[in-house]
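Next, two complexes with chain A in common: one pairs it with chain B, the other with chain C.
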Partner chain A sequence: MFRIVSRGRIKSPWIFHLNTGSCNGCDIEIVAAFTPRYDLERFGCLLVGSPRHADVLLVTGPVTRQMLPRLIRVYEQIPEPKVVVAVGTCASSGSPFLGSEMVEGPVDRIIPVDTYIVGCPPRPEAIASGIITAVMSKFR
Partner chain B sequence: MVVERNVEKEVEVEYARLRIPFGPVHPALKEPVSLRVSVRGEEVIDVDMVLGHVHRGIEALAEGRNLIQTLYLIERICGICSHSHTTCFIQALEEIGGIAPSERALYLRTLIFEMERIHSHLLLLGVMAYEIGFDTLFMFIWHVREKILDLFEKITGNRIHHAMNTIGGVRWNLTPQIASEINSCMKEMEKAVKYVRDIFTDGTVEKRICGLGVLDYSEALKLCVVGPTARGSGVDIDVRRDHPYAAYNDLKGNFSVITRRDGDVHARIEVRVLEIFESINIIRAILEKLPEGPIRPEENVLRLMRRIPEGEAVSLVEAPRGELFYFVKTDGKGGLRRLKVRTPTFSNLIGLKSMLLGCEIADIPVIVASIDPCLSCTNRVTIVDQRSGESKVVSLDALRRVVREK
Partner chain C sequence: MNAAIALIISFPAVLLISLLFEGIDRKLHARMQKRIGPPVIQPFYDLIKLFNKGRVIPLTASVRVFEIMPMIAAAVSLLGASILLSGILFGLSMIGDLIVVMYLLAMSSIALMVGGSASGNPYSAIGFSRKMSMMIAYEVPMFIAVISVAFGSTPSLAIDRIIKFQANLGLPLAASRPSMSLAAAAFLLCMPAASSAIPFDIPEAKTEIIYGLLVEYCGPYLALAKIAKAASNFALTLLASIVFLYIPSLLWENAPLNSGISLSLCLTTALLIMFTTMTVPRTILARLKIGQALKFYWMVPLTLSLSSIILSAAGL
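Coming up: the complex of A and B.
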């Protein structure tokens, strides 16, 4: 049963995007990936407003102290099976904000991450390819 | 009496539907500013703001790093106006160190600056179109914006964080081939933005955004709002003209400061659309006048950095959203003793309260978007109904649905 649910998600991964303190660069590139030039929606992806509807969690930013409990809560609210994609260098490794008092990240210190998309910010193509790779490897 | 209560209850149920199931977080596309809005029925009667969800401690981090590391750190304050931040910081450093960049470097800085303004304003216009439920226009504008990002990539190698500035100059030069590409791109851009202007002056769109979120002249002066928000209310300020920096002194004749007196959402949008045309003019003038010469000092940048003495300086630039202010105090060993940044959105958010008072709940996202806020915190609104004292948390996304139904 779990497998059927999982397989059903390959063709239409719904995406929830959480900004945990990014500089807006990655967030804009994620939106740009959904606009006509790159058009992620042709893979069946859709940006949704609630984690309960989502299959894929895109996390940007180096998890600030205020966002830490919210990140955990959002992660718990996404139904299984789920995929977590860390978008951008901040989310993947924390740099250049490593060492700050207010930064608790990177993301994989807090929740399990399936795919890392590095770049500051990553190009929309990279984001598209990262999401597709994550979805194809996890939802089989 | 009883009937009246029933009617009230129905209204409450309407709003209860807006409560979103996942609690207080909804960082959507942009600017997750958290507002506490008190309403009586539909009318907004009080606004409170909670900031700081994206406090990353950048000023404190900068004090522990050297100047070059700080340069790339502060570029990450904002992904939309990254060049404004570095220019402002570098200007302060150059003032302390007594380093004068070459003419060509100043012109190239200005070129990137104006391209960034176009890309930032287009981004906002797209978001604005999205907020009023005009998705086709949103997609169109973001498609046009990609052309500017392509140019950025050709000049500097990156779409968002350009890393163009360095102490005493810029890092990338402009080849004649790219210059002609910029010229042809500006032609397309002008055509596209004219089309966008026509849509924003169309009756349907005008009806939606005219007279919304009014911030009148005296209020704008009192609250010290900056940038297009102030200019939309008739306050004639622009750092580019009032305190010219980079190459703006030479380009004074090539642009005018756009102001509108209405102070509503439509005026702020109009100011931004027209500013894109001014930016196109500036870019054309830059390409025409671009002087020859070196783009940066021969000396190694680390050696330059160590030569900057102890001192302090204040620097101002006109970022796409308004006046950006930096206070820099160096320690004379290539490090920083104090860095203070005041971003334009911080000034503009204060004006938000006057704009929102008296408007309807469904207008909140449109008005919030109209000041083009550029924070990164949380995108949510708490609605406190004064009659029942009950407080509900509604995401801007749910609000957007209401807006679209309107």
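Coming up: the complex of A and C.
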């Protein structure tokens, strides 16, 4: 019974994508991962518009001060169990923006992150593999 | 066989088949876009996951209505589909079950509307008003088409009488007379709106009002809403395939009612109808505005169904 549940969770990760001040490079690569060439939907992923439907939270960008409360709020709106994936170097380490007074990031200073996908921007294959790795390790 | 037992047997069958239909629809949609697409059993994975997720209920919601309505929607549309299925399977029928099925399907949309608007989310309110306009647009021609069929075959609202009529005729109803083909055309044109497939997915417009009515539903409630939608889509396609395009009537004079062959033929027809009226428009068209959709439905299908009534009154 438990194995069926975990298989269902692994096989249908629905994704909510939150931009916390990224330069839009990572966002475009996330969209590219859903195009026919990379086709994330073959793993059961869907890009949903409401955090209530989501299992995976994709965060891009070094959390800016304006986005801080919103990031926390969106994270709390996702029903359990949930996975957080930090996409891009900005979200993973804060990279060039670290230490700026406008930036509160990186993401793992604020919410628990399960997988980091580095790259500026990461390639769609990397995003796909990051999402699958996160889901496989968390829901097994 | 007792009617209640037949219905209870066909409940899980309906659930299984309607989810499979949804999976096939998603797979075909993906293949038409040159994608690999999710596996055919993807809706089952989705449901297992959704039923095992936590629930978040918004503070602004009126909790009872918000919780109960998805259950009513799922139960009602499953019941509608299983009345049709047990009609083919066991020859089970009662007086006026055509109207009962149409009513149950409309009721499932209304239950979702009420539940969604009880969430207190502004996007749900927009979804509610759009769904209301869409229902006014498509329900009227659909009901008129069904009534025209009821008059045009043996004047009867019982599905098994209509099936027997087609079997005696040796022709599907849509091919029998011009008035009936007009009614079938009107009904099939209403299907994309009734299933909110893409040119008419205005009430749930994902990229615009984030699923509209479903925006606040999560976990088990979302799963129930998905079941309601899959089952009512299945019921609509099955209804069209039984009432208008009963293919088994071509094979045998007085086709045996409750044979497995006629059931599988009906399901194949239903699948084809789903492909042409939901999957293809969903893949190749873009979303309309609510005014355009309303205009389309009141210009084309309403005219078709009204002229079908007039023709059948004239005996054509």
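To be clear about the criterion, the second predicted complex is superposed on the first by the 133 of 140 C-alpha atoms of A that agree within 3 Å, B and C clash if a C-alpha of one lies under 4 Å from a C-alpha of the other, contacts with A are read in each partner's own complex, and residues count from 1 in each chain.
Note that a residue touches a chain if its C-beta (ideal position, glycine included) is under 8 Å from a C-beta of that chain, and two chains touch if they have at least 3 such contacts.
Being a predicted model, the structure only gives us computed values, none of them experimental.
Engineer: What's your read, chain B or chain C touching more residues of chain A?
Structural biologist: So, of the two partners, B touches more residues of chain A.
Engineer: Mind working out whether A:Q77 is in touch with chain B, chain C, both or neither, as first, second, both or neither?
Structural biologist: Touch status of A:Q77: both partners.
Engineer: Is A:A33 contacted by the first partner chain B, the second partner chain C, both or neither?
Structural biologist: In the superposed model, A:A33 contacts neither chain B nor chain C.
Engineer: Have a look at where A:E41 lands relative to chain B and chain C in the superposition and call it first, second, both or neither.
Structural biologist: Only chain C is touched by A:E41; chain B is not.
Engineer: Is A:R52 touching the first partner chain B, the second partner chain C, both, or neither of them?
Structural biologist: The answer is both, since A:R52 touches chain B and chain C.
Engineer: Tell me the contact category for A:V5 with respect to chain B and chain C: first, second, both or neither.
Structural biologist: second
Engineer: Looking at A:G99 after the superposition, I want to know if it touches chain B, chain C, both of them or none. Which is it: first, second, both, neither?
Structural biologist: In the superposition, A:G99 touches chain B alone.
Engineer: Give me the intersection of chain A's contacts with chain B and its contacts with chain C, in residue numbers.
Structural biologist: Shared contact residues on chain A: 36, 49-50, 52, 77.
Engineer: Would you mind writing out the residues of chain A in touch with chain C in their complex?
Structural biologist: 4-5, 7-9, 11-12, 36, 39, 41-44, 48-50, 52-53, 55, 77, 79-81
Engineer: Residues of chain B touching chain A in their complex?
Structural biologist: My answer: residues 20-30, 32, 52-58, 60-61, 64, 69, 72-73, 76-80, 82, 123, 139, 142-143, 146, 149, 159-161, 374, 376-378, 395, 397-398.
Engineer: Using the touch rule from the top, collect the residues of chain A that touch chain B in their complex.
Structural biologist: 17-29, 31-32, 35-37, 49-52, 61-62, 64-67, 70, 73-74, 77, 90, 96-97, 99-103, 120-121, 123
Engineer: What part of chain C is in contact with chain A in the complex they form?
Structural biologist: 30, 33-39, 42, 44-49, 52-56, 206-207, 210-211, 214-219, 222
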